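Both of the next two complexes hold subunit A, though its partner changes from subunit B to subunit C.
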Partner chain A sequence: MSLLEVRDLNVWFSLPGGGELHAVQGVSFDLGPGERFGLVGESGCGKTTSILAMMGLLPPNASVSGEVRLAGTDILAGGEDSVRPHRWTDLAMVFQGAMNALNPVRNVIGQIAEPIMLHGSVSMAAEGGGASMAAEGGGASMAAGGGGAGRGGRGSAAAARKRAGELLELVGIPAAAGARFPHEFSGGMRQRAAIAMALACEPKVLLADEPTTALDVMVQAQITDLLVRLCEEFGLALVLVTHDLPVVAQVCQRAAVMYAGEIVETGTTDSLFHSTRHPYTRLLFAATPDLYADDDVMSIPGAPPRLDEPVTGCPFLPRCDSVVDRCATERPLLRVVASANGAGEAGEAVHAAACHRDDAGGTP
Partner chain B sequence: MRGADYVIRRIGFALLTIFIAITINFFLFRVLPGNIVSDLARVPHATPQLRHALTVEFGLDRPKWEQYLIYLRELVHGNMGISFASQQPVSQLLFNDLKNTIPMVAIGTLGAIVVGIGTGILSAWRRSSASDHVSTNLAIAFYAFPTQFLGLMLLILLGGLLPTSGMENPYAGVFGPQSTVARFQDIGLHLILPALTLLLTLYGEFTLIMRSSMLETLGEDYVLTARAKGLSDRRIIARHVVRNALLPIATLVALSIGWIVGGAILVEYIFSWPGIGQALWLAINQRDYPMLQGGFLILAVSVVVLNLLADLAYFKLDPRISE
Partner chain C sequence: MTSEGNLLDVADLRTRYPVRRSIADRLARRPRQWVRAVDGVSFSLRRGEMVALVGESGCGKTSTAQTILRMVEATSGTITVDGQNITTLSQRRLRPLRRGIQMVYQDPYESLDPRFRVRQTVEEPLLVHGIGTSKSEREELISSALERAGLAPAALYLNRYAHELSGGQRQRVAIAAALALDPVLLLADEPVSMLDVSVRAGVLSLLDGLRRDGRLGVLMITHDLSTAAHFADRIAVMYLGRIVEYGPARQVVSDPRHPYTKALLSVVPNRDPRVRNAAQILSGETPNPVAIPAGCRFRPRCPIAEDRCADIDPALGPPGSGGSGSGGTLASRVGRAGQYGQASQAGHAGVADVASYPDHEVACLLA
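And now, the complex of A and B:
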């Protein structure tokens, strides 16, 4: 069974002047334990909104439908009360631009220790021979942290701070630096600290929203490496939201491409990169600079459709370079185009795309 | 230690400001038209000889720079001169006035700060609720009322229930000695109306600024982080919003507290509160320069000192401020 199942997630924002904006339209995906999944798309396509909706963090003017099942239970079913216990303990988040994700008037270590004091930590609770996630994951440093830390699940302030210090060390920041304030950290350090904070309660799933945006390339590479290493070490599942295709290729096993609020193509990273089915995905790749190729970087002309008006036909139609007759009248649905084991059933390795061209059998 | 430098530099700057204020204060009164002697000259039968004698007695015949040096020297010794009007030492008169002013204005101002910040927090927390609308509109209304109007309205509305004039019942103690407790009770009753007037005129500004500051802070990414961490709303407000939202308020608080010492001339006048505001108003009418000069000095010093305290509080609240 999948660890996390997102089923038919829809988000509407009610607009101040009346009317609604359908920001996320029927997004579904599965995530297995320890799996790394990418959500890709241009700005405003609903990727951040999707993961905020999964944690119930959207502002009051948003309404959400659909299910987010964690180990079989729909955590959104009971509103705020049912989702809050899962925040940070099961689903943790690394925010876009960690510059502002840390409170500027509190020191870093206190902010990492805060959720530990609130929720406790698996390692701390399991002290004395429980099956801690860290021990299972074989993470030497984390298991050591669990051994030395607190007395119970809800540790004392001192134990929580000690644990927070260990987490900082884990992401490559000296524990002593935790006493400093966010503005005294560089961008990369802040992003590391944000990752350490996300690990505080040993979640099962990490939602990372553009974790490498606004960092220079060297630091980007360090952060992506760190994320992959931590996921592997602790068996963390990762949902990586980004507009950066190379990062997805480096980090994720599977990915979904979003356009205008819906998933237009999904599959293993390999199949997405090498047997691209949807014109948007293809154009998106063409718009990524390639170090070794002579071709110019292409841009996709036009802009995504307005989401506060109903769209007939394919939302990508005005910008598409391979239109067929049906595109104007009928909205393409996500269909399985190939699967690893040859079967058409929904499974881990399914490659699906929402394009009429595929029905015709042609390769776009 | 972080910012020992900062503190020393701030204090030095404050001292310099005070010195400049003293100097301007001194020369301000020397360039104003008229002096005590010309005022006395309106007294019938004042002869030129009398005027001259008075001029000499008050040292007004000496050059300005000499007067300035004498003034500085005496000031260092705590001597603010003799009131032209009452012939008593200014420092003693002002001290008595301050003693009356500070409790009343402090209660009014601190009350306004507490009520304003409290209602601002609640308003922002329950944004767009009925209580937010009521609180915000009340704050705007009270902020818009002129002090004198609000004071007079309170005087008319509550005048039957509470004493409206002075600080103590002048007849208390006439029929036998009054106990200390009874005396404080009497003063407390007299204090309610002027302090309430002050509170109501001042609190609205705090409500509005605190509310908007809170709303701005609530939109920050770190508040979203706090929610994602599973913190309850109450905890988010207490730990991640209020302190950050207080930063813009610190300056406003300091400026308001600066006026505690300066008194509230209008309020003291309406309720005949024998404080420094009244004393200054009286001194203006009597062209009592030493008194005015002393009053202005105390005002300037208190504003500078409290601004210094605000700077230091700001420094403590916001770790981003460094040397």
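And now, the complex of A and C:
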């Protein structure tokens, strides 16, 4: 059984003028401990809405169907009451732009300590086992081995601050720097602090929404490096939401490409790149400049369809370069595709695409 | 590197901003401190050419562009546009020339006035510069600018508001507003970083096509080396207010000489998961430009620094010349030390073939 199973997740937003917008359409994926999964696509394709739905954090005008099973239990079944015990403790999120949402008038460590006090979680999971994170500052370690970080229980401010200091060290910021204010931190440090906050309650799954987007390439590398190490050393599972294909290619083992609210192709990052099956995936790669490739960078003409109207046929049809007759009438469903590494093999690394053609992944 | 026929020549440009002093500082007569945002930048740009200025945030890319635009005043150095030195021109005499230098900003969600229709956005610069006497004349200029920016037929867009446009279309409107004045020089500050991947290539190709027409030159500021490698003719890598490597785009990418450029290139993620770069992640971020390190400014983060790097501030020079040394005369005589091999990670052992890289310059004693 996977750590996290998302099954047929759908999200509708009711619109002010009546009508509904079907933002997420039957999204399903699995995630094992320590696994890194990418969710990629253009803005408005439903990436962020999907993970907000998993956190139970959508606004009141949203309705959700489907299952989000954590170790077999559907946490969406009972509405807010059933999500709350898992939010932050099992499933945590780094919001898009979280690094810019820190409270400017409080020091960083205080902001991290506050939720720890509220959730009464001041011990680190045993899985850390005192493993030492060779964070780049050197010497940062997960002081959880003895659990001596003070099981102060709910409300112990000193213990919470101590724990917050450990979290900062974990993400590569000296604990002493926590006394500083957000404006004294660089962008990369603020993003690290935002990640530390999400880790406060020792989640098993981290949902990270564009965690590297507004960062410089060097800082981006520092942050992706940190995320990978957190997964490898603590078995944290990661869902990385981004529009940046190269980041997913380097960070994640598997990924799903979303278009117009649905997953149009999913598989290992290797199969997505080397045996691309969906024209959208191929065009996305072609739109991404690569440092060493000489191929022309091409934009994808047109725009995604409106999601407040039902789509007949393939939603990608108007922008597709590999159309066949069926595309206009029949919506392609995600199906397991024959690939070099075992067609339709059951298991985690299934390669599936929602395209009528079997050969649309190659050059048209 | 000033030469005839360049559209833009920037020579030893310096721009500094004062750091605010507290009353206590003043009473104690502590000297005023300066942020040396642009600290000796020289480069040139020809008509029909695109030069990319790359580097981390805070390295002075945007300050360089703002200084060229005269939005901030240079402390020293010269800016020559189309043969005319504009560094110290009065604002009144600058204005007719300013028409020829236009800027495209990073975020078209912020840079367009939400209460303006597309027509007004593109018309405003014409009104400011008093171009087009009649409304119909301006209308024609607006339409041709929009179509030049890839928004054709213009009639389809004229009456729309910014919120009725997609991100790519917005950026095209911003570009059209710049093109309305028929500039010779376009400064584009991260023109696609706020746009969706699927439309980035379109906007970049637009800029590429504009300069290939030969009417204008483009200075593109970006932190994305892949974009720079694909679209620019030359790349200037900036670090702490100084260009540390400068050369033909493909050459800088395939044969980087400065350790900073090498590190930057090594962390660019590859879209092929099978290709794992030996990422050389530098710790920390660009240091404080108030206190630029003595000697080579990259030394505190440099993986191959030697003792002498603390003493000599290397200037741009052909690779292998050991930098010409802006600080001391010693530097110009320092050759390649031959101790480079161990620390270097790229495969270009052996003596640099200077002759084949006439335009490739690097500011490093060890390159």
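Following the convention adopted for this analysis, the second predicted complex is superposed on the first by the 318 of 364 C-alpha atoms of A that agree within 3 Å, B and C clash if a C-alpha of one lies under 4 Å from a C-alpha of the other, contacts with A are read in each partner's own complex, and residues count from 1 in each chain.
What we mean here is this: contacts are C-beta pairs under 8 Å (C-beta built on N, C-alpha and C of every residue); 3 or more make two chains touch, one makes a residue touch a chain.
This structure is a prediction, so every number in the text was calculated from the model and none was measured.
Novice: On subunit A, do subunit B and subunit C fit together or clash when superposed?
Specialist: Result for subunit B and subunit C: fit.
Novice: Quick check on the superposed pair: does A:Leu284 touch subunit B, subunit C, both, or neither? Answer first, second, both or neither.
Specialist: Touch partner of A:Leu284: subunit C, not subunit B.
Novice: Considering only touches as defined above, state whether A:Val311 meets subunit B (first), subunit C (second), both or neither.
Specialist: In the superposed model, A:Val311 contacts neither subunit B nor subunit C.
Novice: Scan A:Ala175 for contacts with subunit B and subunit C and give back first, second, both or neither.
Specialist: In the superposed model, A:Ala175 contacts neither subunit B nor subunit C.
Novice: For A:Arg84 in the superposed arrangement: first (subunit B), second (subunit C), both or neither?
Specialist: first
Novice: Looking at the overlay, does A:Ala303 come into contact with subunit B only (first), subunit C only (second), both, or neither?
Specialist: second
Novice: Could you say whether A:Leu58 touches subunit B, subunit C, both of them, or neither, answering first, second, both or neither?
Specialist: In the superposition, A:Leu58 touches no partner, neither subunit B nor subunit C.
Novice: With both complexes superposed on chain A, which partner does A:Asn103 reach: first (subunit B), second (subunit C), both or neither?
Specialist: first
Novice: Contact-wise, after the overlay, does A:Val228 reach subunit B, subunit C, both or neither (first, second, both, neither)?
Specialist: neither
Novice: More subunit A residues touched by subunit B or by subunit C?
Specialist: C
Novice: Rounded to whole Å, what minimum CA distance do you find between subunit B and subunit C in the overlaid structures?
Specialist: 7
Novice: Would you tell me which residues of subunit A are touching subunit C in their complex?
Specialist: Per the touch definition, subunit A meets subunit C at residues 42-43, 136-137, 186-188, 216-222, 224-225, 243-247, 249-251, 268-270, 273-274, 283-285, 287-292, 297-300, 303.
Novice: Would you pull the subunit C residues touching subunit A in the complex into a rising list?
Specialist: Residues 56-57, 166-168, 196-205, 223-227, 229-231, 253-254, 263-265, 267-274, 276, 279, 281-283, 285.
Novice: Which bits of subunit B are touching subunit A when the two form their complex?
Specialist: 220-222, 224-232, 235, 239-240, 243-244, 247, 317-320
Novice: Taking the complex as given, what residues does subunit A use to touch subunit B?
Specialist: Interface residues on the subunit A side: 55, 57, 84-89, 92-93, 95-97, 100-107, 114-115, 118-119, 181, 183, 197.
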